[in-house]
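Each chain carries a letter (A, B, C and D) given by its place in the written order, and its residues are counted from 1.
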Amino acid sequence: MIILVDAAIYATILSILCVGLTLTYKITNVPNFAHTSFAILGMYMALIVTKIFDANPYLAIPMAFVVSGATSLFLYYFVLRILQKRTKSFLPLIVATLSFDIFMIGILNILADTITSEFQVISRDFTLRSHDILIFDMPAILILSLAATACLVLGLYYMLYKTKFGIKMRCSIENTSLAQIYCINTQRVFCVSWFLSGGLGGTAGVFLAVWFQGDPGLSVLLLPSVFAGSIVGGFTSIYGSIVGGLVIGFSEILVTDLLARNFGYWIVSYRPIIPFLFIITTLLLWPRGLSEIIKKVQERI
Amino acid sequence: MMLEPWIIFLADLVAIFSIYLIINLSLNLEFGFAGIPNFGKVLAVGAGAFVMGMLPIGLYGVMFGMTQHSIHDNLEMTQLINERLAVHPELGFLVFGITISVAMAVGMLLGLLSSYPAIRLRGDYLAIVLLAFGEMIRIVGINQEELVGGTLGVRVPDLLSFVPEEYRFLMFSVLLLGFAGMVYFAVSKFTGSPVGRLLRAMRDDETAVQALGRDTTKIKMKVLMVAGMIAALGGLLYASYVEGVVAFGYNRLNWTFLPFVMILVGGLANNKGVLVGTIIFVAIRKLVIYFNDGLDGLIPFDIIWLDYLLLGGIMLVVLMFRPKGLMPEKPNT
Amino acid sequence: MNKFYPIIAGIIIVIIASSLAFYSQQDASEMSVDTSPNAITIGALLPATGDLASHGSDSNLAVQLAVEDFNKHLIALDSDYSMELIVEDTQTDPVVALEKIQSLNSKGISLIVGTQTSAELNNIKSYADSNGMLLISPSSTSPKLAIDDNIYRLIPDDTKQGKVLAELFVYDGIKVIVPIYRGDVWGDGLYESTLDSFVSLGGTVDPGIRYSPEVTVFSSEASLLDGIVSNYVQDGYTNDEIAVLVIGFSEVVHLFNFVGSYDNLRNVSWYGSDGSSNDDAITSDKIATAFATDVGLVTTQFSAPDSPTVQHINQALIEQTGSIPNAYAYSAYDAVWLIGNAVLETGSTDSAVIISALPDVAATYDDGAIGKITFNDAGDLAISNYALWSIGEDGWYLHGYYHVSENAFDFYDE
Amino acid sequence: MMPISIDSLCCGYGKHQILYDVSFEAGQQITVIVGSNGSGKSTLLKAICGLADVYSGEISLYDKRITGLPTYKIMSMVSYMPQTNNVFGDITIRDNLLVASMPDKPDWNHIFEFFPMLQDRLHQKAKDLSGGQRQLLAMAMCISKKPNIILFDEPTASLSPAASNMVLEKIKEIQTALHNCIVLVEQNVKDALAIGDRCYLFAGGKKMFSGKPDVLLADKDFDSKFLGLADDNTS
């Protein structure tokens, strides 16, 4: 039972991260290897709000959203946008996001150092779980992360299908030059999407801070799971990525548990391999992810 | 008698440069010429190093009739072997030769393995799959102690045991430069031949090459195999240079990401560009490491982080202002 | 085609020329490294990022403090010497560690404190040996690196701590140990030595759980641990006879956050190692503190617990980081003093001289943070007493002491 | 005041120059541009929309200089129907028209007046339409803002003869009703010239002829001249 709750929290946080990654990939075709560093930035916002301003960690969400969103926008506007104009290959884009990630590691570490030296707050390997509150006898993180994912599903649906901006966004994704022909400022649409993606990352970061152990190095460790989630979801399907994130989150915890109980505990230390296995099998067998699997299953039936 | 600092600096630079040049040339073959974004470069590099960590010590063990366990008594064993090799250098070269052939064969097999996704996928999807492939070697290496000593790693018998201790690394740098020169020569010959043109044609328009009756699947397999061989050689040389293999070190940053940056800096599909990119990058990195403590106190944060900011920043600047590299590919050659 | 050769040649010449220019400039103006004969320049190779970043930063601060203190000491002695420090970040990455030691070597620095892990040490060992560089590691504990070379380790190798833990289990009447340990060199080593010692004393050690240092969340580990412990309970062991041994660093806080939800795990005793001793990350987290007090966590740590030097280091580091440093920081501090004293003693900064003088110097150095320093043949700390720590209402307190010479425990709170 | 006037334009894509010193004018009538493949006629339309790189020359709409403006700004004055991919397939017809008339609401009556067939398909996805229907939808999107200038880039390409006649008739109908400026690029030379008021002939990125369509049609050598040019360019 406990492990199910744990897994649910992990999986929902992961799926929020996957949505952000998928969003920017779908819209601008950039697999953003720096995506999880936005989440770590959000984690530090939560640390600042909780330990320095002595407030509830969840109050950091707006700040995390804005700060991470702005960082993400910076990456797009000043780096990727320009790069996309100069080269058609995807590779410099990947390398650019990786470079940005290295740059962010420096920034995050400086931030952590500053927090420690100015406020004597432990800023590495910290966890804010003890600052979590209880809602209906359940940890708030469970309720809130589930609620956030649900809001994300509904909110994205509303935004994409019911608002003018959503239609503009879908048009820009499908055919950028045609969208421009119909007076859509596609550049603005892309910028908003990157901001949103970073903001979602930052929000997930606040949840991470309440459940995980925060450290500038966490970004690298988390990245494979987030990519696996997005890829299992199809990499271009926003709803797929939510499901993909849940699949990866639950499997990492429950499959490890199941395998270890049946084949021996040595398997536990191989856990980091799980997301990679998902990535490889999905892309090799069903490159379009879950939707393709579902379709194949339906055909069989 | 210690060496002059500038000789040490240069020798170390040459060593790292030579190893990266070998790896970068193989990556350029795959990505620059054939258009296969091998984001799992570390796989073949690591495999080469792993062979170096496993095979020679076993061979010497049999040769010298040693009873120790190659991993549990690893240090003791390598020390004994090194003492013998100091007297019989020819044995060292013999075993080194055998190890190279085995490592290259393993690299070839891994290239064949990478060709499975390379034939089926394109672009960033392929890059991500290969990246996942590459991660495997480190995770398995850390967790399977019997391979290369798990988390601690193993030590490797020193080929140059007969060289006086203080000249050992200098000598090895010369040896590495020799290897790098050979690889450079071989790769240049290869890419200068009609095969090189065919590869570039395939990269630019695969269907056109297929229409000419060429089997692009086979071409890709062959390229990946050749590149795997070269990369494994690079990994093996690194392991013998440091006289040890630690699975932790074979991560995507050191052996996939940095090589990509170097060939992007230099220029794709251009061996001279790769040479230039490698030397510039390795030299800049060394100079940054060397001089950044001079800035201590001038910047408002810990000097350590400057390394990250500079590495990330320099790469971004190069990518943005020279997206085709310093020496872009020449058309129609 | 041929016009590229001049470009390449040009670039190479520029690089070589610039590096030479920098060197000559350096000799003239002593820009970054003081090469005057009276300067003792020490390099520190410690990780600031990567798996062991939090320990690296403590050691780094301790080294800096030691250099400061030693310079004061030099002034007090009215000595001509002065000590300088250059810190390099190894990123807990063996490949980067090599680059950094090369850089130190080309600056002519051959007296080095580092590295933090045995894996990094393994990658740079030959380089250091060939170039006659001295390495004093504050925290490499792998028994497999215990050989006679240029490497000194100011820490007893793990077989010692494993023995202390095993003796402690016997003393506390524990029959079964369920370890949960970090899958790195240090965790593997301590696990094996504890296993050997406890089994030879007649105890049972479960294979336990080896978690990857790259693990991000401990849910499945906690659940599996619960399963193992409940199996032993079903096999008829009482809760007093089962104990969990956790071998980990700061991630232990995260683990405690997860295991607290399982009743089985709350009912057995828990033991920890030097990796979590005195770790303020535990006491600054409410859930972890509550759990640790609940299960009566006892951790072992080598060193002299009450020496004035330790208090001095603690005080200085708490000011900078807000928390008590980990034990390796004390070794790092002593490493600098050992090098400094050796230079004063021998009147030479040559690494070969220092390397051979070090054991004798150590024997006369009494103010060490880790107590009396005696090296064994392999250049590792030969003997060390162990302090036992527990967590109470006011945070960490000294629970007991293990005297290695008498093989006996003293308990303070009983 | 001419709706479109272009003065000695040189343009292309990146380093590939396509048009060489082309001057062009279009009034409130149907202007037809004909020419063989690669003659640069489509590029002219793209240049007006800001989708090609202008090296030199001036483009003005109603005497307002627009060279160098971003596409989405130019498009508030002009409607342009690209040759292919001219509708958003993944969204419904209603949303397509919504997008096309942004920032205002679509004038549904105005649209259905010309394209009654769209009325009962509003909630279908555009990719489910047939080729001819898709062209009609694209045209509907073009007129939804009642623009003064409409540029059609080969609207009949890849359509059956019946469907292309329908499309061309629609264009004539639109012009008669709205009295606006229409520029029509066509491969389907004879049918296009039949509805045109003025015509241009392009070859090799240069203007070869401009004037009344009947002059061109009346030219005895028309076929050979035209086809000959086409041959020159394809060889």
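In this section, a residue touches a chain if its C-beta (ideal position, glycine included) is under 8 Å from a C-beta of that chain, and two chains touch if they have at least 3 such contacts.
Computed from a predicted structure; not experimentally measured.
Student: With a step meaning a move to a chain it touches, how many steps does the shortest path from subunit C to subunit D take?
Tutor: The least step count works out to 2.
Student: Where each step is a move between two chains that touch, what is the least number of such steps from subunit A to subunit C?
Tutor: Minimum step count, subunit A to subunit C: 1.
Student: Quick one: which chain's Cα centre is the longest way from subunit A's?
Tutor: Of all chains, D has its centre farthest from that of subunit A.
Student: Taking every chain's C-alpha mean, which one sits closest to the mean of all protein C-alpha atoms?
Tutor: A
Student: Name the two chains that are joined by the greatest number of C-beta pairs in contact.
Tutor: Top of the contact-pair ranking: B-C.
Student: Between subunit A and subunit D, what distance separates the C-alpha centroids? Give it in angstrom.
Tutor: Taking the average C-alpha coordinate of subunit A and of subunit D, the gap between them is 44 Å.
Student: Averaging over Cα atoms per chain, report the distance between subunit B and subunit D in Å.
Tutor: Once rounded, the distance between the two centres reads 55 Å.
Student: Any idea how many Å lie between the Cα centroids of subunit B and subunit C?
Tutor: 31
Student: On subunit B, where are the residues touching two or more other chains?
Tutor: In subunit B, residues 139, 142-143, 302, 304-305, 307-308 touch at least two other chains, as defined above.
Student: Provide the list of subunit C residues touching at least two other chains, using ranges where the numbers run on.
Tutor: In subunit C, the residues touching two or more other chains are 48-49, 183, 212.
Student: What are the residues of subunit A that contact at least two other chains?
Tutor: Residue numbers touching two or more other chains: 105, 109, 266, 269-270, 272.
Student: Which pairs of chains touch each other in this structure?
Tutor: A-B, A-C, A-D, B-C
Student: Which residues of subunit C touch subunit B in the complex?
Tutor: It is residues 1, 4, 7-8, 11-12, 15-16, 18-20, 22-23, 31-32, 48-49, 86-89, 92-96, 98-100, 102-103, 105-108, 118-120, 122-127, 129-132, 142, 144-145, 147, 183-185, 187-189, 212 of subunit C that touch subunit B.
Student: So in the complex, the part of subunit A that touches subunit B is made up of which residues?
Tutor: Residue list for subunit A touching subunit B: 29, 31, 79, 82-83, 86-87, 90-92, 94-96, 98-107, 109-110, 113-114, 224, 227, 231, 235, 266, 269-270, 272-273, 276-277, 279-280, 283-284, 287.
Student: So in the complex, which bits of subunit D are touching subunit A?
Tutor: 49, 51, 70-72, 75-76, 80, 82, 85-91, 95, 98-100, 102-103, 141
Student: Using the touch definition from the top, list the residues of subunit B that touch subunit A in their complex.
Tutor: Per the touch definition, subunit B meets subunit A at residues 31, 37, 39, 116-117, 120-121, 123-125, 127-129, 132-133, 135-136, 139-140, 142-143, 257, 260-261, 264, 301-302, 304-309, 311-313, 315-316, 319-320, 323-324.
Student: If we count contacts the way the header does, which residues on subunit A are in touch with subunit C in the complex?
Tutor: Touch list, subunit A to subunit C: 2-3, 6-7, 10, 105, 109, 116-117, 119-122, 124-127, 129-130, 211-213, 215-218, 221-222, 225, 252-254, 256-257, 260-261, 264-266, 268-272.
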